[in-house]
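Shown below is the structure under consideration.
Order of writing sets the labels: A, B, C, D and E. Residues in every chain begin at 1.
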Amino acid sequence: MSEASLLIEAPPEGGQNRRGFVLHTLRHRPAAVIGATILVLVALGAILAQWIAPYPLHQQVGPVFAHPSWHHLLGLDDGGIDMVTLLMWGARVSLVVGFAATLVSMAIGGAVGVLAGYFGGWVDTVLMRITDYFLVLPDVPLMIVVAAIWGPSLFHIIIVIGILLWTSTARVIRAQVKSVRERVYVKRARALGAGHTRIVFTHVLPQVAPLLIANTVLTVAVAIFDETALSFLGLGDPSTTSLGKVIENAFQRAAISAGAWWAIVWPGVLVTLIILGCSLVGGALEDALNPRLRVAHLGARTFRLRPLVGRGQDAL
Amino acid sequence: MSKKWLAALPLLVAALIFATTATGSGSSSKSGGTFKLGTASGIDSLNPYVAFNQDAYSAFEYIYPILVQYDAKLHYAPFFATSWKASNGGKTWTFKTRAHAKWSDGKPLTAADAAWTINTDVKYKNGATANVAGLVSHIKGAKAPNATTLVVNYDGRVNPSWVLGQFQQYAILPQHIWAQHLGKKGAGLKTFPNSAPIVGSGPFNLVRFKQNDIALFQRNDSYWGPKPKIDVFGLQQFSNDDAMITALKAHDLDAVESVPATTMKTLRKAGFVVQDVKGLDQTDFIINSNPKKKKHRELLNLKVKEAFDHAIDRKKIISVVYLGAAQLPSSIIPAPAGAGWHNPHLKTPTFDIALANKILDKLGYKKGPGGIRVANGKKMSYDVIIPTDVQSLPRTFQIIQADFAKIGVQLKEDALDSTAAFDKMAGSNYTYQGFDLAMWDWTALIDPDFMLSVVTCAQWGGWSDSAFCDKHYDKMYSQQQTAATPAKRRQIVWQMQAYLYQHRPYLWLANDDQVSAVSKNWAGFTNTAQGPFNELNISVLTSVHQK
Amino acid sequence: MTAPLLEVENLNVWFDLEGGGELHAVQGVDFSLEPGERMGLVGESGCGKTTTALAIMGLLPPSASVAGRVLIDGEDILAGGEAAMRPHRWVDIAIVFQGAMNALNPVRTIGQQIVESLEIHDRGKGAAARARTGELLESVGIPAARASRYPHELSGGMRQRAAIAMALSCSPRVLIADEPTTALDVMVQAQILELLDGLCNDFGLALVLVTHDLPVVAQLCNHCSVMYAGEIVERGPLDVLYHAPGHPYTRMLFAASPDLGMGDAPVLSIPGAPPRLDRPIDGCPFRPRCDSSFAACVERPHLRGVGDDHAAACHLNEMVTA
Amino acid sequence: MRGTDYVLKRIAFAIVTIFVAVSLNFVLFRLAPGTAVTNLARVPHATPALRNALKKQFGLDKSKSEQYVIYLEQLVHGNLGVSFENEQPVSKNLRIAVINTLPMVTIGTLFSILIGTLTGVIAAWRRGTPTEAATVSSALGFYAMPTQWLGLMLIIAFAGVLPTGGMTNEFLLDPGFWQHLRDLASHILLPALTLGLTLYGEYTLIVRSAMLETLGEDYILTARAKGLRPWTIVRKHALRNAMLPITTLVALSLGYIVAGAILIEIVFSWPGVGRAVYLAVQERDYPMLQGAFLLLTISVVICNLIADLLYFKLDPRITE
Amino acid sequence: MSVDATVLEVEDLVVRYPIHRGLVGAVTRQPRRQVHAVEGVSLSLQKGEMLALVGESGCGKTTTAQAVLRLVDPVAGAIRFDGRDLVPLGSRDLRPVRRRIQVVYQDPYESLDPRFRVKAVVEEPLLIHGLGGSKAERMERVRDALARVELSPPELFLERFPHELSGGQRQRVAIAAALALEPDVLVADEPVSMLDVSVRAGVLNVLDGLRRNGLAILMITHDLSTAARFAQRIAVMYLGRIVEEGPAAAVVRNPQHPYTKALLSVVPRRDPRDRQRPQILQGETPDAVFIPSGCRFHPRCPVAIERCSIEDPALARPASAEDGHRAACLLLPARS
């Protein structure tokens, strides 16, 4: 009997196909399912704000800080603007800032990480030293300083957040690329005479992609968080309505003392939800990607004892 | 973590839990009690050559001798000076000062201290004392022939009300303290921190001061004037209105200097006395009036300015932004400034979009694409510089922007921090070429001189933010300083207001109220246009007392 | 008759799979061990040999469920679950794992780790425990002074020796060695095997050597159990297993290991791969790879005696005896 | 000696980082709109003479490189310049602010590390149980809340029960020691709690995954095989090893502590460094901002250095 | 194989890696240290021959292989392929040569990109070297290569991902990928050590078949049994040197060098009756940084004499050995 024909029955061993890894994780981890649902709902509300928001963004529809009512489910803000409308548009700006800043930081962090990890040697040393410097510089104060100097605008905020958040991405990606680079199949490709571009794009990047995605999602959370902080410090763009700006407006007009808790509670809840969504999705992806989390030799739960009837394989 | 630390933690936790049960307790009260006032701005510096904030000047009012003060009707009343007269055709002023006054360290306080302060300020007015230079303008020098006589010499005839207006804001410093800190060319005057406890001579002694936090004043029992009824006055600074109002509600504060309009209703409901007084702060819409302006010269056209003025819905601004706690403005000198300086004949421009459109149509500025008018071949689309630290402006801008769209004028927000905003408006070398429109606010003083000065040509490179420069106006300005009688001065001041009303370097938006809140446990607490803690006189804190 | 030192009876282990379902990793394993006996547990990767070792120690992960009995001196130590097993660990049965680098805590010294096991089982405290640690290290060929070294400061062979010294600290009666020489060089492997040999001889230690390497077992053990697909398919004295195997798998496994003395004789691999254990298996699990399967193999064979102290699970034996 | 090289390298790195930050600081603030002159010359009737005098006073008439050298010289002497706001030395303003900030941040951070470690260990230990789900989701929940918002929520919740602003009740003119301590503690509670709550979530997650990674190591299996009790294993084997990544990550999150402190000090009117930064931003008091930024950077760098050295002490494997 | 069919010849190869002195080291001017990975190795490989390079970990066998593949730069020596020295060549000039020297790595789980299907894995070398013409022609070569490693019918495997294959099959795919370029030399670095015993023979037999068809194979292994069975010649390395080299049967049956003797004595035999007294060397291979003086094996050598610590022996044919069998030991009487 030929060996090969038998091999068809060979069992899948270890390892797993990384194709569709992200989708698979999103579907099979409860945390990721919850997180993704939150994000999709918020994103839908934000994207469709133009069409489904109940009122125009800048229209005063009632008295300042009017109570929640049937017409305005979440009440009105300090300009007499409908909170539901504000939250939709605010989420839109916050998400745009979050994603755009993340894109900037991913581009920098991804490039630095791949270059440092792949080429190693002095390239690695130089890039990692730079990364280390950025890593110890306190982000938010630096953002404050730069935003204060450049002046408040959405574009500046995106750039400022983007150019300060890339460090952790660079480190994570570098570590991963370094390990991929040491994988035998990359060595084999090198021994075959494959060029750097080919190796990076066909072997390294696809392998790093899920981690990059996980990192992106987590960075979005940080970027949105930072945006609310900058807005709160009065460094936000006054001509746009981000969630941070909505909180800051309410805070400036003493919403709490005015008894208008809805003007400050809801935007905060929404920010929390978005960040929570990102953290859940990103965290689940990271957890799924970390092989060291798969086994635990110690836990509160132990193996179970089963009664046994019969012998050997008959015993079930 | 070391074991020692772990042992200390329960202690720490216990201390924290213990702490929660022990709040709000204890004023170490003597008979008069402690009056605790909350403020959002606070004292920026205790050095008069550095201080900028109103709270600082209010503090000086209570701790330093000042020649004159305002009475309840905002007329001049004796303070450290008991009487005054002009001579030498109005060029020399002689003040009689209090006898037997003492500084808080026991050293005698005499007219010599006043003369020294004035001479020092004149000497270094282009350097270290620039901050107060405006208050000693036209002064040649001062002398103290004896302990109770101060003679001040001017370079020309000066108007009496102007002179007293200047001295009302002028703190006399103890020579024996400050003379030690002159330093090189007086530079030491600015760097002297003047930290608490301060040697002063007012109804209160400043005994404790923490920047951005607290200023504590103790009653000065050796004070030569009417004694306060309270023992201690505290001014606590909050960076957060909510925290401040919460503290007031929890009776950690007795009063709040300036409460946000949004909380007036809830505070009244909670049983606090909310005093709503017409204030001196006005927000304005600035039109670059530089006669040498290069771009968008249509903005120099008085008709255009008039049209803009009619397109501003001030009532809406007042209801949305100020929740009603503001007045319709009409002049550079707000009505509450008192003593008749405000020109009552000036009326707030009406909100009339149709009229505004008619004026612009008449000028031939046709609407182009997007409904935006075209003037001199250029779209009437302007950036409006808005300083980010004036909290009411973004909302106000939104309202104006929407209405201006209806008259075919596009406004775009250019939010900058105040330094950057001012820099951009002044442009390089103070040429005022780089901006068209802006928004800001001014806080008027009781005496009209300062407000009227900001639109003089001489203020280019100084306070000017509209670049208004007009020979005729400048002439009137110097005339009011030297007018022989108060009535004559008032007449000129009214003329100047009317002239500005017509030339519109500023379109006045709202004149917001000064709203304070005080606990019902206190009596004799009054609010003024400058707020309860003010630089007008010492009446509020000397009359406030426990019920 | 006294009970054997260690007796494993009808041991079964299942693992819950992540996507649902379960995997029957160990299926009715039986064996017993007398003092001084050395047994090899041999099989391909995934055949359940390490799982069996872990099950005996009660070290299975929470996803596992287990049935059967593990008796020490006739007492079932498995019945009480993890907690009941604890007092027997190290005192009755100790284990040495495969990668000694990872089996030792990198931030604690070798000495500390040995002292710790002495202390928890009340075999001495403080200075006494440290003195005993020195002796133990000397007995595996490590100078006592190295007790203060960290694992990373020792070579692979030394670490494995230290792990053995630690396993011997409470004088266990059974030592399970799970692939103790994999990843070590041949010369070091020989050193370790010699050490184990000496320990068994000198202390009457019973040894279970878990490995995939038949020649190693052949050199060190007297008995061997061959596992395939979770079951023991043959067991008996090694001599018999090599010269008269009762199961084609054993025969083919020997034939697949090259030997220095074999000359140009063919080395044959076993085609195919072991069956998946998360699905029911019809008939003999080895049938698809077997070179001598026949009609009866659709029935699942059971382990049955085929000679003195020799048992195999293969229908071929029935034909012979029948 | 073991690791002299490592220690020297870390110290050298810290020094170079500080130098880079110092230089960055110089460059950054030269880009700021407006100079000391435009700020200080905003007085009525400012004359060109005054402006020139100021220019000279602040050395702005010199070349950029000369200015840089002067700046470095001043730094060496602890001179951070003069605040635009109160024209006092920045270093003096900051010293007071730092003294105020330290107790609040310390208590908040300790609280977060304590709770974070505890819940992280529990989450890892109770893996796959509802306890883990509850611990992790509450940690994530607090982590996701914007710091300033959480502070405001606490103000809503505790208004009237605890003081919501300031550091002490300054109106206690001469409080006894215990009264002062009680007063301070009551004021510190809410801000420290806010800081602790926003930080702890991250630590829980870090500790949880560090613990899980450690619990997957073979030596844990060895420890179990040795017959150690589960909590003994957690204490003696798992936690010690999990401390390694935790140390680094806690050090790296110092930047966030600083950020949190800024927001919290604003919300609770705490007169510390964060509030000073905020006010400096509001007033565009660049020298103050510059000084505060330098101070924060240096303290983060030094804390990182300490973490590195701690790591070195914890991990015997570091030799070079 | 008497005709000179040498395809690869390594002469006096030396590879050293510098060790970082560290900051303190640099400041205190400690001497620069090096790992002497390979110190003067010479070997030659003929068409249709498998040469097994045997030794313990750290002996330099893998470094030698990497130098042959020009993945590390030698300090000295020559690597002649088809008579042409590869050492001075730049990466551009090396490309055509790389095609003809292929490699199979130890770990079949790691050597295939998990995202690549089998056909892509085997096709990749062709794409890299721009060979194989059209897509269809390339697929033809892919099928061919798969058939040569006995993965047949190839259609069954083309579309699979590595995780759908068993360990042995993966290693075969890796070999197929190497064969796709039709190389002259195959470097096999421990090709079966990660595989289950039951399938090792299959992979080794595939290599053996390829060799018979003319491929020259340099096999790196630590397993003397495998080397003895499949290789034609064996070279035993110790600390960067070849200490014994010769026809496989001769080396195994008639070892000359004490190190080879010891190594052979500790190889476990599968027959339980065949238990020998192993000659166990004490200690472990020393650090390649501090090479002992004289004969580098002398500190562990059971028969060393004083001279061994002074004199460094060269490879020579001992009197008691057949032709082509050489060893480096002072105690062996050389043939005059």
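The rule we apply is simple: a contact is a pair of C-beta atoms (placed from the backbone, for glycine too) under 8 Å apart; a residue touches a chain by one contact, two chains touch by 3 or more.
This one's a predicted model, so the numbers in the text were calculated from it and none came from an experiment.
Engineer: Give me the chains shared as neighbours by chain B and chain C.
Structural biologist: Per touch definition, common to chain B and chain C: A, D.
Engineer: Would you mind checking which chain's C-alpha centre is most distant from the centre of chain C?
Structural biologist: B
Engineer: Based on mean C-alpha positions, I'd like to know which chain lies farthest from chain E.
Structural biologist: Chain centre farthest from chain E's centre: B.
Engineer: Between chain D and chain E, what distance separates the C-alpha centroids? Give it in angstrom.
Structural biologist: The answer is 55 Å.
Engineer: If you average the CA atoms of chain A and of chain B, how far apart do the two points sit, in angstrom?
Structural biologist: Measuring from centre to centre gives 47 Å for this pair.
Engineer: Just give me the whole-number Å value for how far the CA centre of chain B lies from that of chain D.
Structural biologist: 37
Engineer: Where the CA atoms of chain C average out and where those of chain E average out, how many Å apart are those spots?
Structural biologist: Measuring from centre to centre gives 32 Å for this pair.
Engineer: Can you list every residue of chain C that touches 2 or more other chains, as numbers and ranges?
Structural biologist: 59, 62, 269, 271, 273
Engineer: What are the residues of chain D that contact at least two other chains?
Structural biologist: 33, 128, 152, 155, 217-218, 221, 223-224, 266, 278, 281-282, 284, in rising order.
Engineer: At which residue positions does chain A touch at least two other chains?
Structural biologist: Correct list: 2-3, 7, 10-11, 13, 148, 151, 234, 251, 256, 295-297, 299, 301.
Engineer: Quick one: which chain pairs are touching?
Structural biologist: Touch list across chains, by label: A-B, A-C, A-D, A-E, B-D, C-D, C-E, D-E.
Engineer: So in the complex, the part of chain B that touches chain D is made up of which residues?
Structural biologist: 9, 12, 15-16, 18-20, 22-24, 26-28, 34, 36, 44-45, 47, 50, 126-127, 130-131, 133-134, 137, 187, 190-191, 193, 208, 210-214, 216, 232, 234, 236-240, 242-244, 246-247, 249-250, 252, 389, 416-420, 422-424, 426, 450, 453, 458-459, 461-463
Engineer: Within the complex, which stretch of chain A touches chain B?
Structural biologist: For this pair, the touching residues of chain A are 58, 60, 64-65, 78-80, 148, 151-153, 234, 237-239, 251-260.
Engineer: Which positions of chain B touch chain A when the two form their complex?
Structural biologist: Residues in contact with chain A: 240-242, 245-246, 249, 260, 262-263, 265-267, 320, 323, 386, 388-389, 391, 394-395, 398, 402, 413, 415-417, 420.
Engineer: Residues of chain C touching chain D in their complex?
Structural biologist: 57, 59, 62, 86-91, 94-95, 97, 99, 102-108, 116-117, 120-121, 150, 152, 163, 166
Engineer: Looking at the complex, which residues from chain A come into contact with chain E?
Structural biologist: Per the touch definition, chain A meets chain E at residues 2-4, 7-8, 10-19, 183-185, 187-195, 198, 202-203, 206-207.
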